[in-house]
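For reference, chains read A, B and C in written order, and residue numbers begin at 1 within each chain.
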Amino acid sequence: MNATNRIRLTKMLFIAPASLFLFLILIFPILYTLFQSFYNKKLTQLTPPKFVGFDNYVRALQNPEFWNSVQITVTFTVLALAMQTVLGVALGLLYHQTFKGRGLLRTLAIMPMAAAPVSVALIFVMMFNPTIGVLNYLLEQIGLPKSLWIYDSHSVVPSLALVDTWQYTPILMIMVMAGLASLPSEVFEQAKIDGARGWQTLWHILLPMLRPFIVAAVVFRLNDALKTFDTVYVMTQGGPGNSSEMLNIYLYNQAFAYFNTGYASAIVILFTLLVLLLVSLLIRGRRAN
Amino acid sequence: MGTVRSWKQPAKSWLMFAAAALISIPSLFVFYWMLIVSLKSDVDSQAYPPAFLFFEPSFKSYGDVLTETPFVKYLINTLIVSLGTVFAGLVLGLPAAYGIARWKLHAWSVGIVATRMIPGISFLLPWYLLFREFGLIDTYFGLIIAQLTICLPMVIWLMIGFFEEVPAELHDAARIDGCTEFGSFVRIILPLTRQGIAASSILSFIYAWNNFMFPIILAGQKTRTLPAAVFSAMSFEQINWANLAAMATLVTLPVLVLFGIAQKHIVAGLTSGGVKG
Amino acid sequence: MFRKWWIGVLAALMVLTLAACNAKSGNGPKETAADSGGSGGGQSSAQNESGSKEDGSSFDWKRYSGTTIQVLFSSHPWATVVEEHVGEFEQLTGIKVQLEVLPEQQARQKLAVQMAAGGQDVDAYMTALQNEKAIYYISGWYEPLNAYLDDPALTSPEFDFGDFSKAAVEMGTQSDGTIVSIPIDLNPYVLFYRKDLFEAAGLDKPKTLQEVREFASILHDPPNVYGYVNRGLRNANVTNFDVILKAMGGDFVGPDGLTPTLNTPEAVRAVEWYSGMLKDFGPPGVVNFNWNESISLFQQGKVAMTYDGANFASQFEDPEKSTVAGKVGYMLIPPDEETGIVNADSGAYGLAISKGSEKKEATWLFVQWATGADVMLKAQIAGVGTTRQSAWESKEFLDQSTMPPEWIETFKSALAITGLNLPTLPVSMTEYRDIVGVSIQSVIEGADPQRAMDEAQKGIELLMKGATTQ
């Protein structure tokens, strides 16, 4: 075997196990879903399903409930990500400083990401109870108006975004810290010299340099946030009405509660395309700079 | 890549501390509440106004949870599956990430990460059909395979950044010394990225441990995991909040402990490795 | 290059396999020889290895010793009782039971997946009859039980099917007479009210729904006490709505049992009452309350009245769980003053055998045991409103029950008039409930009742046509 082929083989050997594994395990579900999306299959029917071409897709795209879910998913994601990014950057900067107690507090700050989403969701359901929940009690004590949290169609999505923020801000925080750590120290020296105008340094120089890290983190979270299921399912099941029916919840209902396997499969494909679209937009946006 | 430098004066240290402490209150409050409710009696757990500090503690909920559900069995199951996932993720993922970083095979990395864009729910039915054929339902192996689809891309994505940080000269130096590519990988590169490995292992573990959806369908009586068991506190006629909180605490505790021990490595790993994506 | 080649082949193979999958007879469970007639065609005719039934006197429990069966339960106090005692069954029969208990929705999801794979992985399962009765039947997921019940070789003489209340048996029987499930429990709707608050305000028991509204208004004193609470959450609210709908002379379907009648004047009146009560006298956030939020609030003493399944009351009387123990009154939900109809509809769980099961006879032994007088009595004592009359009349129950006599009397009266709290339709009842539930919810938030019910009617008409709206 000549040298080129040998190198090629070596490269393959490194990459092949993981790629092969993912391929094998995912190809069947992907093809199955793609395939089913062209049939009008229902899980509960006994007659063989009929081939319907793009009917399911058309039905989805013409369905206001589908678009409602898309809008809710995007709104939730934007809200959650906005909160997490701002908080994450702020915390990342904060914990980059040295101060007493930093280690302990930092550990406490990142703990939420280790908690089981389902457990967290249930605890929040308890805390969100408008009448006997502790959050409203606290609000009352401070003199702020009580909220209906997840029990009202207007406040449900922000409340869910809040839960997501609570849980995943640590990830953004850590990524920002990673970014700060890899920046050249001259930046900080400069700020020190500048003294009082240090904030300006921060804004104009530091943040742009941090951007690639922030974007990387946002992309990572974007992927997950769009597909949020566990917490929303446990907390609201898509209610009140349809006001928190994220795409994943809509999909789940179609597949497992309404047994519309064919239609649900089309939704999966559309969903995946949506995620792909949003993620590539974000990445392209970064490259443009 | 300079070293970490902070740029403020010592006088501000207390200010920082105060700010950090203040911000961490919301994070902690939820855990605190989880713990408090689990220690309350059923009646108190729903009382209003809720008691924050002064109430009669009761360990009944923990007693209930530990006796009514085979908690230890679930714990062991979850441990086996999570550790298995982490291990397999490293064995498969580290070489792949290295390969991609070393030989700049970006197309592969895009492809691998793209697999995470598909909603996992769609896998459940076809996997059930597939796994049945191979007798993988209700087996640890089956669960590990399923969870790898989440953890493996994540490990690869994270580690690519770390491997990219390793200067090319190191590879070449090792090769000149007579190491094979693989040898240099194992003996030289891996030890250098130790902290990145720690970081991705922990993250993998967390995701595997907390996975709820896959085990519902793919696990059975023998391999049931903890998150699915949390739901069992929600019975037909009542949601026993105290028990639920106890269950939630017990499920979260092991990960938190692990996390606490390893967090130094995670943070150090993620901050020194540089994750640029 | 060569990589791409075999990917193509693999993909082509997959496509062919999938096409074949779809072309086979849908996804109904495989037909096995043992299927026909259900009285164990092939297998049990290889009669008894060890017992004798020629004379029909001794029933052989150990006939299927050595088999293992898979059972899927939804979280339920009865399931807990079975779980606790399943060892006794295993000893009695030598059959090993792999029992899995999941919360209702997850159990349903898992069952669907298992049925899609042919139905052999589950042998017995709990079915929520109000939701599933029709659709599981037409999908071929239920094994008809008539032949088993009629066969003395398979059914122990102690089973006594006649012990089950008529209403319950009806719920487990299809309109064509096929018995698809042995009923386990009934949970009829009854009114819970705070005796102490009523007394303090000088109020008697409400005699009509209109009086319920009046009393709620009198007792409504936010934020200390709310006049009334009930389920607002879509899907969950539909079954509770059923009571009011029927009390006002309406129904979900017309006489043919299929045509939706959701926007009749009766239905509109009903939603005006149901949602109106919640809008006017409900606690904040009630629009998204499921049974647990409703019941919790009542339990914590924050509400004057509510109605839901009678079995929820077991927590009220437990001072460790509730602040209103001893203060709760029970009565049938009063009639509408115009129609005079009293309704006490109910949801019902049943135990069914999977049509795709390969161990049906052994499973039938399990079903008999789990719904047998002994286990059911234990469940009754544990607080389940079972379907066996013997359990209700038994001395042990009456002695050990911690529930007040008023509750027992009310429950019994409810059993006499109860029916299923949902129509029996060949569609996904979850989808049905989501559509109707949204309308009910919208009225709580202020929508016009007629318009809301028109929407529901339209939605269900589409659903029945087979084209789902969603």
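The definition used in the following text is that contacts are C-beta pairs under 8 Å (C-beta built on N, C-alpha and C of every residue); 3 or more make two chains touch, one makes a residue touch a chain.
If you're wondering where the values come from, they're calculated on a predicted model, not measured in any experiment.
Pairs A-B and A-C differ in how many C-beta pairs touch across them, and the larger number is found at A-B. Most remote from chain A, judged by the distance between CA-atom centroids, is C. Centre-to-centre, using mean CA coordinates, chain A is 36 Å away from chain C. Centre-to-centre separation between chain A and chain B, using Cα means, comes to 16 Å. Listed for chain A are residues 28, 32, 131-132, 261, each touching two or more other chains. Each of residues 46-48, 125, 129, 231 in chain B touches at least two other chains. Within chain C, contacts with two or more other chains are made by residues 109, 113, 116, 296, 300, 302. Within the complex formed with chain A, the residues of chain B that make contact are 1-8, 12-14, 16-17, 19-21, 23-24, 26-28, 30-31, 33-34, 37, 46-50, 91-93, 95-96, 98-100, 102-103, 105, 108, 111-112, 114-123, 125-127, 129-130, 145-146, 148-149, 152-153, 156-157, 181-182, 185, 206, 209-210, 212-213, 226-227, 230-231, 241, 244-245, 247-249, 251-252, 255-256, 258-260, 263-264, 266-267, 270-277.
Interface residues of chain A facing chain C in the complex, by the touch rule stated above, are 27-28, 31-32, 35-36, 39, 41, 43-49, 63, 65, 129-132, 146, 148-153, 156, 236-237, 239-242, 250, 253-254, 256-261, 263.
Touching chain C in their complex are the following residues of chain B: 41-43, 46-48, 124-125, 128-129, 132, 137, 216-217, 220-221, 224, 228, 231-232, 234-239. Against chain B, the residues of chain C that register as touching in their complex are 74-77, 80, 98-104, 106, 109-110, 113-114, 116-117, 121, 292, 295-296, 299-300, 302, 309, 311-312, 314-315, 318-323.
Against chain A, the residues of chain C that register as touching in their complex are 10-11, 14-15, 18-19, 22-28, 105, 108-109, 112-113, 115-116, 135-136, 138-141, 223, 226, 232-235, 283-289, 293, 296-297, 300, 302, 428, 430-431, 434, 438, 441-442, 445, 468-470.
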